[in-house]
C-alpha cells in the first residue's frame, strides 16, 4: 500500500520530521512518501494561505493518483482543498483535521483543540460546523507561538501545550485533546507525560497526522473512498491558466 | 458609493447581462462596475472550480480595495474565496449565497434553493452548515441545465425554474425561494408570475445578486464591514508563485 | 420610498432622537416618518409590556399600509407583534432584532448583544431560538440601566456599553456586537471609538434601528416582502373589542 | 386545589364541552372552573388572533391569581400570552401546547401534531423552536376544517383525524400523536379506536387540555411554578389604556 | 391506582425514606409501594452499575405489571433500563431523570442538575443528548459526596447543595434546578429555603422522584403509556440464563 | 497485536463466518479471535436483548483485558454495553455502530443505514442522538428479514439490501451506506456490484465489523484508548449476584 503525504506549503524543512512521524505509526505494508508544494505559502495560518496553497495541493493530489498511490493525506489542520481534491480523484483523500477530530469524537464526551494562535479559532469552529462536530467540540486553546517558530524551542512548545491542555481539561471540560497543527507532530508522548504528572491521566491525545494515516490505511484495506455522489468529478470545461490542472 | 462586482470566472460573455441586472437594483448613489477573471474556470460548478478561481478572485478583491471601491461582491452561489478575501481587505466583501440565504431566513419559515445540477446540493448543504442555516433550509431543487447553457433557451429555463419552485413549495414546504445560481439573474419577475399563475402567490423569490448588492450598499452606509476578529489580516510570510498575491 | 417607524410605546419623548438616528442612515430617496402608540406601555422591558403594546402596534402597522407606506419598522429589540403584523399586511414589516441579529451573523463568527437589564436575557435567547440564531449568539451582556433612564447620563451609558462590549469580546469570544435596545441608537461611533482605544478594533457594532432601516429599504427595492405562506392573512372572524382591528 | 381554565376566545359556546372534558381527567381534589374572554377573537387561528386575545387573557390570569386559584391553564395550542402571564403572576400558568408536546417527547421517538389548517404549521414550528422540540417533532398534519366548524360534523372530524394520524404514522414515522387544537378535546378514545382498527395500536394520543390539566395539578402538588429568573415580574411603569392591566 | 417504585439497587436501607418521600406527593387515590433488587449493585454511580442493575430491574418491572400495577417508576437519575423495560411491558414505565428534566425544561430558560460526583457529568450529558434536552441544560454542578454517604451528614449535604445551586444560578445562568440523585429526595424545601436566604427566590427546584410520581399518576389518568412503535415488544427468542426473564 | 471480537449473543453458529469476515480485513500483525456469550439472547434485536446481553459482554471484555488483548470489539450495531465496558477496562473497546457511522460521516454528505426490521429504527436514531450524528444520518431503510434468518437465503438478502440501498440513494439522498447489522458481514462487494449495475457507483458501503476492526487496530498503533475522564473506573462497591463481575 502506497500513501503520499502532502505538506501543503513550500517549507521543505518540515519534510524530514514529518515523514519520520508518519513512519512511527505506519503499518508494515504501508509505504509512505511525502511531497511539498512548488508554489504556495510558507505555512498555513489563514484562509488566505489556504487559497494560495490549494491549486498546488490539487496538482499534487492528481499526481499522487497518476503515480499509483493508494491514498493521499493533506497534512494540515485547515484541511485545505480537501473537498476539491476529492472531486478530482478516486483514491481516498484524507484531511488531518477531519480524521483527527472525528476520531476524537468517538473516544470521549468532548474534545479540545490545542491550536497555535487566536486566529486559528474561527477556521476550526468553521470546520466543526462543516463536519457537524460542534456539539463534540469543547474549546480551542492556543499556545500563541507562530507555526514557523514551533521548532525553535521544543521545550517551551511542549510546556505551552501541556499548560493549555490542562486548562482545556479543567476549564472547558475537555475529555480528549487534539493537536491543532500538524507541526506539533511527534509530541504526543511528551504532552501525555506532562499531563499525567499534573494528575490528568487517561486523556486521549491525538496527533492529527497519525490519525490521518490510520484512516488512510483503513480506507485502502476496506476498499473504500469518499462518496462520488458528494464529490462528483468536476465538469470538464475550459480553464485559463493553471496548466497543470487542465481537465 | 462605488461597488465592484466580481464575476469569478473567465466568461466575459456574462458581464453585460450581469451588470444590467445589478443596475436594476442599484441605489441612485451607487456606481457599480464589474470585472471577470484573467485566469480561472469558465464557470463555477464544483469545489474544484472554486479552488481554481479563488487566487484570481483574491487578485480582484485586493485590486478593488486599492482602486478605492467601497465594497466588493463575489457574484456566485458558492461564495468562492469569501473568507480568504475578508482576511485580506478591510472593505466589505459580500457573497451572493450568504447574503441571499440569510435574507431568505428572515422572510418566512424555510427556504428552498432552485439550483442547477444534482451536484450543487452538497456544496449548498455545506454552506448551510457553515452559516448555521440548516434549520432554515427546506430543500435544494435542481433544474438540470448546465450553467453555460442557461442562456440557450430562456423560455425553457424559466419553465424549469417555475416547475421546481412549485415542487419546493408543495413537496418540501418551502415558503421562500432563492435562485441557486447568479446566472439566473433577471428572472425573478418571470418566475414569480409563473408561480402566481399556478396559485402560489406571496412567495418571496430572491435573486442572489440583487440581495448581495443591497447588503453591500447597506454595509457601506452603516459604516460596517466584516469582523477582523473573525477574519484577521493574513500573516505576512513568504509565498512562492502568485506574484500578484504577495503580501 | 416611504418608510414608517413605529415606536412601540407611548413615550413621545423618544421620537425626535429616534427619527434623527434613522435619517442619519436613510437613502436619498427614502422618506422616513415615525409614530408612537396611543395606548400601551412607556417602554418595552418584558413580555408583559409586549402584550400590551401589540394591539396598538397592529393599529399602526395597518394604518401605515393604508396610508401608502412602502415598509414599516417596529423599532424595538423584542420584535413585538412582528409575526402578527406580517399576517395582517402585505408591505414588508421589519423587526429591529431580526434585522440586526441576522446581519450580525453574516459579519463574523458569533455576536453578543449589549442589553439593558438581566431580564432581557430570556427574551433574547427566545428570539435566538425562534430565528435559529442560537449557534451564532455568543452572549447577552447587560449594562444594568433601565430603558427610561438611558438618556439621563449619556457618558455613563457609553462607558457601560464599552465595558460590557469589551467583556463580550474577551470573555465570550464575541466577534460582532449588537445593541440590545433601540434606545441606544446613535451611539455606535462612540462605542466603536472606546473599544478601539482599548485595542478592540475591527469589531462590527450594529445599531439595530439602522440595520432595520437598510433591510426595509432593501426589500422595497428588491420588490420583496415576507412570505404569505408563513404569514397568511388572518381568518376573517368576529372580534369583540379592539374596534380599530376589525377585519 | 382550584384550577382555572381560560378559553382564550369570546366563544362561550365551547365552555360546557371544554369543562366536561377537563372534568373527565381531573383529580378528586381538583376543582376546575372555566372562563372565556370579554374582548378578543372568536377563535385563535393566527398570530393576529393571538395578539388580540392576549391582553384579555392577562386580565383573566391576574384575576385567577387574585381569586385564589392554585394554577391557571390557557386552553389553546398557540399558548397565547403564556410567557407574559408567567411574568405577571406567581401561580403556575400552563400552556396546552407546551404541556402536551413536552409530554409527547417523553413517550416515544417523535410526535406529530394533527392540526386544523395549513396555516397552523408555521406557528407550531415556531413553538418547536421556542421550546427546543424541533428534533422531536415529526410533522404537522392538518384536517382542513376551520376551528369554528369543528363541532358541525363530529363523525367527519373523527374520520379526518384518523386519516391524518395514520398518514403521520406511515409517512412521517410519528410514534406519538398530539391533537393540534383544544377544540378536539374529548376525541382521544374515538381516534385511538380508529387507528387501532387500521392496525396502528400502541400509539399514544395526547389531548392537550388533559395534558395541561395534569401538569397544572402536578405543579401544585409539587409546590412548583415557573422560574421567576426567566419570567421576572414586569417593571412597574406607566401604561396608557388597558385599565384592567395597570400595575 | 397502584404505582410501584423500583429502587434499582440492593440497598434496602433507602426504602423507608424513599417511600416516605413518595407518599408526601402522592395523590389521594394512588397507592405506592416500593421494591429493591435481589441482585445488583449497592448504588448506581456508573454505566457499569447500570449494566449490572438492569436485568433485575426488568424482573421487577415485569413483576409489577403481572401484579396489576398501573405504572412503575425506576427511581434513579441514570434512568437504568428505561427503554428495555418499556419494550417488555405495556404499563407506563417512568424514569426519574426523563420526567424531572423534561418538566424542568417547561418551567424556565435552562436548568442545571445538582449531581453527586464529577463522574456523573458524562452520563447526564448523554441523557441530554438522548432526550434532545442539550439546548435546555445549563450545567451539571456536583457536591462531591458519594451516594452511599449522602445520609451521613444531612446538614453538610444540604449546605453543599445550596452552594452548588447558587453557583449554577450565578455562573451558569441556570433558572431551574434538578436534583441529580434520587437519594437527595426530601430536601427540596431545605435547599429552597437556603437559596431564598441567599437572594435566589423563585427558582423551581425539582425533586426527581416527585416529578416521576406525578408523571406516572398523570399517564394513568390520561390512559397513556409509552409508544409501542418506539418500544415494540421484544422478539421472542431463546435466552440462556436469566431464568426470570424468559419470554 | 491481539484483538478479540465479542459476538454479544449465545449463537455460536455465527462465529466462523464472523471470524472469516474479520480476517479478510485484518492487518498482517493483527491476531483476531472471537468469543460468544455463555448467557444471553440468541440475537440482539431490542433494548431488552441488549439488557440481557450486557452483563456477559462485560464478563468477556474484562476477560479480554486480563488475557492480554490489545483491544476488544463488540460486534453488534446496538453497541451493547459499550460505555459500561469502557469504564471497566483500559484497553480500547470499539462498538461496531460508532466506528462505522463515524467513518461514514467523513466520507460524504449523509449516510443511510440498511437495517433489518422496522424496530431497528428507534435504537439507531437514539445512537445518532448519543453520538451527535443526527445531522449526518439520512435514513434507516430496512430489509424486513429477522436476524436469525439472514443466512437462510443469501441471494434474497443481497437483493433486499440492494433494493433498500437504492431507495436510500434516490429517496433519501444518502451518499454513503452502512450495513445495519453485523450479520450482513461479507456482503459489501455483492451489494456494491448490484448498486453499480443499477447506476449507483461511487457510493461507499461500510461493513461495520470491518470498520470496527480498523478502528481497533488504529487505536492500538496510535497508543490511544477511550477517555478515562468520560469513562472513569467504576466505584468499588458491594454487588450481589454477578459473581464474575465483582470488582
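Per-chain numbering from 1; labels A, B, C, D, E and F assigned in written order.
The rule is simple: a contact is a pair of C-beta atoms (placed from the backbone, for glycine too) under 8 Å apart; a residue touches a chain by one contact, two chains touch by 3 or more.
The structure presented is a predicted model; accordingly, all values stated were derived computationally and were not measured.
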Intersection of the contact lists for subunit D and subunit E: C, F
Copies subunit B and subunit C touch via same or different residues, half shared test: same
Distance between chain centroids, defined by C-alpha means - subunit B, subunit D (Å): 43
Gap in Å, rounded to a whole number, between the CA centres of subunit E and subunit B: 52
Rounded Å distance, subunit A centre to subunit B centre (Cα mean): 30
Two or more partner chains touched - positions in subunit F: 108-109, 122, 129, 132, 135, 175, 229-232
Contact graph of the chains (line, ring, star, complete, other): other
Interchain contacts, given as pairs of chains that touch: A-B, A-C, A-E, A-F, B-C, B-D, B-F, C-D, C-E, D-E, D-F, E-F
Sites on subunit F touched by subunit B in the complex: 108-109, 135, 173, 175
Interface residues, subunit D side, partner subunit C - complex: 10, 37-43, 45-52, 54-56, 58, 81, 83-84, 86-88, 118-119, 122, 126, 129-130, 132, 146, 148, 229-232, 234-235, 237-242, 245
Touching residues (chain side subunit A, partner subunit F) in the complex: 25, 27-29, 90, 98-99, 102-103, 105-109, 131-133, 135-136, 169, 175-176, 188, 200-207, 210-211, 214-215, 217-218, 221-232
Of subunit D, residues touching subunit B in the complex: 121-122, 125, 129, 134
